[in-house]
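Two complexes, one shared chain (subunit A), two partners (subunit B, subunit C).
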Partner chain A sequence: MLQALADGFLSGAIIALGAIGLTLTMGILRFANFAHAELITWGAYMALAVLALTGTFAGPWSPLSFGLPLVAAAAAGAAATVVLALAVDRLVYRPLRSRAAGHMTLVFASFGVSLVVRMLVLIAFGGAATYYSHSLQIAVRVAPGLRILPDQMFVLGLTLVLVLGLHLFLSRSRMGLAMRALAEDPELTAIHGIDPARVVGWTWAIGAALAAVAGVLYGLTIQLRPEIGFHLILPLFAAAILGGVGNVWGAVVGGFVVGLAESLSVLFIPPGYKPAVPFLILIAVLALRPTGLFAGTSSAGGHR
Partner chain B sequence: MTPALAVRGLVAGYRRDLPILHGVDLEVAAGEIVTVVGPNGAGKSTLVKAVAGLVPVSEGRVLLAGQDITGMPPHRLAAAGVAYVPQTRNVFATLTIEENLRLGAAALPPAMGRERIQAAYARFPALAAHARSRARALSGGQRQMLAFARALLAAPRLLMLDEPSAGLAPRVMGEVFAMLAALRGEGQTILLVEQNVRAALAVSDRTYVLAEGQNRIDGPSRALTEDPRMASIYLGDMAALPGEGR
Partner chain C sequence: MSGFASYLVFFLIVASIYGVMVLGLNLQWGYTGLFNAGVVGFYAIGAYGTAILAGPEREALVGGFGLPYPLALLGGMAATGVAALVVGLATLRLRAEYLAIATFGTAIGVQLVAVNFERLTGGVNGLIGLTRPGFAWFGTPGAYNLFFLGVMAVLVAAVFLALEAAVRSPWGRLLKAVREDETAARSLGKNIARLRLQAFVLGSIPIGLAGGLYVGFIGYVSPLDFLPILTFQVWAMLIVGGSGNNAGALLGAVGVWALWTMSGLAISRLVPVAWQSQAGAIQVLLIGLLIVVVLLVRPQGLLGERATVSREAE
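Now for the complex of A and B:
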């Protein structure tokens, strides 16, 4: 039971980081981006590629399994993911937006993008599961019946730091304010002298960087597979919609709810049905409360 | 002298094959308040939106102090000195008053922005009292004040207001026109679209009457108040418009 809770928080953290970017781009660009989850895969593999190039030039930070090389590789992977997101926007979504293409056109385009990105990863890195490091870690016994790896504690801590940082960015900085303004009313934002294209660029960059971090954390605590993103699509959408589209804190709470529901479900149903849990949450939210749990409340950092 | 705003032969509409304006001409001199009135569907709002870069222009020119700004995107027009207050949805309802004003000051150097926001609070004490509330909590009149305050933050060369009195209670409407009179005293150049013809004529220097996307009459507002052609354009409706005896 305790162990399932801990696992739920862990996968919840990764889902939350991915769902933040998804909720931001859905709120601002007004379409469901099915390719967002592939940014997670891309970030994870770009970090792997950088790690392969640089080699392990420094030892791990005990008791963690990794050190500076992976952190540097993660940063480079995040940068490569930002480049991919901006390039896809420039080549695919922006031309469609400027032709005032419908919502569904963008959604189908994003399906295409997700396939292309996944196949590129498959071609470049192969389909076999792989790892950043093969060193073994000793789990720390936190409580009776609960063992947590130091890396897993790091995942939770880093998620907390990133979410708080993003909250401060959205609530305090000019660009954060402009992003919230654009989510509410693009025309009025432009009238205020703010270039919507610049704000859209920042939105992609932030969403992509967080997705890349989620990918690296997934690779660190589970494994790297070209289907990481594909398997996370449903949990990400469930989390973003549960939290209310455009609501950052909602996406974080949604991420943890989905993660916990998945891992606690195996106490009651065969593990084979675990992937169905986010789907059930998604259906339940859409049927009962389609605007999300926090619609109409004035949650800090929420802007819907 | 070069007019603050010159519109020449403007043809514009949301769709290029369906123009709403069919060659409109208009001038606003610096420091002048010019009103655009006309029956529903005359193209008044389309005119200001076309100047603000929100409606595509297919023919004609828009000149700001002699500089061609035709087809310039809205965010660059703001930097060029054009401030526009739409008729509806003119504040960010989910953001606080303070955040709305910070957005209005986004293009200014930070220190100057803070200074101007303080000046706006001094001018509109009701906004200062609600600085931390979300704009959706404001009354219609307060929203209009917030929209004005935001537009004035950048000290625009041209302020365009689309029916600022629409949907307001008569007393609040009086406040809006008093505000316009005060701005006129400060020498602010304003292009005003109004349904409330009497009040608009009273507060402005010159007036253009549009109908069906074309110029009909224009001249000093005082003279048009007496002009019998006004009544015929409004098909006798003018007397029935909310007048409040100014």
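Now for the complex of A and C:
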């Protein structure tokens, strides 16, 4: 029970980091990006590639399993993911937006993009599971019946730091405020003279960087597989919609709720059905409260 | 029959099964603008529904009702329609994306049930040894395939004509009106939500029919036949052919299936054995690229939608 709770918080942290970017793109760019989860896969593998290039040039920070090399690789992976997100926006989504194609056409295109990204990773790195490091860690006994790896504590701590940092950015900086304003009401920002194209760029950059970090954390605590992103699509949407589309804190809460529900579900249902839990949450939210727990963008629910 | 001719028959049977699916999707997306991201899930419901109803009774398994194949096929279609009704009722009132997300989830859920609910679906082994309808009348598999192709031709024509009649009816014009300008249609006092639900359920039924036909053709059902890539294949077929055009839907089914088959053949010939699993990814990558490029370069597809203009406007 306690162990399931700990696992739930861990996967919840990863889902939350991914869902932040998804809820921002859904709120600001106004389309459900099915390729967002592939940014997680991309970030994780780009970090792996950088790590392979640099080699482990410094030892791990005991008691963690990694040191400076992985942190540097994660930063490079995040940069590569931002580049991918901006390039895809430039090549695919922006032409569609400027043609005033319906927003469902963008959703459709994002499916195509997700296939291309996932298959590129599969072709480049192969389909087998890999790891950043094969060194073993000793779990720390936190409480009776609860053992946590130092890396897992690091994941929770880093998530907290990133979410707080994002909160400061969104509440203090001019760009952050503009992003929130655009998520709430697109016409409002135009009045205040903020270039919407720059807001769009920042939205992609923040979402992609957080997704890449989520990918590295996934690879660090679980493993790397080309299907990481595909299996996270439903949990991310469930978290974003549960939290209210466009609402960053909602996405974080939603991420933890989905992660905890998934891992606690094995106490009640056969583990084979665990991947269905996010979908059940999603259907329940859509049926009962489509605006989410904390209503975000006003156009999120209700009639179209 | 020569090898090539028998292969061509096989190819056309599979393409026509896809064609039935694409026709159903065209009613949802092409005419009504509803995004079904879980085509494979509805296809699987039709397939499993048919297999469970037609299958011989067996121990330790739920189902196996031994119904005649045509009845089982109708049952599979009905099951698909009910599933679509449930998903549609839950999401069609909401933002258009939510249907996409919910149908995507439906496909994942169906896959989980197919793999895990062994007493109903046979789990990863699937349900094997189903009677292929009318197989006893024919001596050889070649002759049987030719017969099956004939059945498929009749069914494709029937679905095509039924959908053509539907979209040309006042009901079909209303669908397009909703797709083009929902507010205008609503201001005319039309019940948009019900119209959408009707189109979504009606469009799902051919997708379920295709699943049942596939089971009839190969004689077994297994979760490996219902992978997410199928949804993307069907989508690629629809937009390549031209969404909003039923003839385009069929053209796209044959064209993209030919492309898929030939690219698979080329890869198996040209790529070394050690790289084969990665080479399969190239095929999928091509489908993704095809979707993105068509949306960007030729969103109307090969045929495109016929412009319909009122007689008074001319």
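Keep in mind that, in the parts below, the second predicted complex is superposed on the first by the 293 of 304 C-alpha atoms of A that agree within 3 Å, B and C clash if a C-alpha of one lies under 4 Å from a C-alpha of the other, contacts with A are read in each partner's own complex, and residues count from 1 in each chain.
The definition used in the following text is that a contact is a pair of C-beta atoms (placed from the backbone, for glycine too) under 8 Å apart; a residue touches a chain by one contact, two chains touch by 3 or more.
As the structure is a computational prediction, the values presented were derived from the model and not from experiment.
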Which superposed partner A:D195 touches (first subunit B, second subunit C, both, neither): first
First, second, both or neither for A:R141, with subunit B first and subunit C second: neither
Superposed model, subunit A: greater residue contact from subunit B or subunit C: C
First (subunit B), second (subunit C), both or neither touched by A:G112: second
Shared subunit A contacts, counted only where both subunit B and subunit C touch the same residue: 303-304
Subunit A-facing residues of subunit C, complex: 33, 35, 37, 90-91, 93-98, 100-102, 104-106, 108-109, 112, 115-116, 182, 228, 232, 235, 239, 277-278, 281-282, 284-285, 287-292, 295-296, 299
Contact footprint of subunit C on subunit A as seen in their complex: 26, 31-32, 34, 92, 95-96, 101-105, 107-109, 111-116, 119-120, 122-123, 126-127, 230, 233-234, 237, 241, 270, 272-273, 275-276, 278-279, 282-283, 286-287, 290, 299-304
Footprint of subunit B on subunit A - complex, ascending: 174, 177-178, 180-181, 184-185, 187-196, 298, 303-304
Complex interface listing, subunit B residues touching subunit A: 52-54, 73-76, 78-79, 84, 86, 89-95, 99, 102-104, 106-107, 134, 150, 154
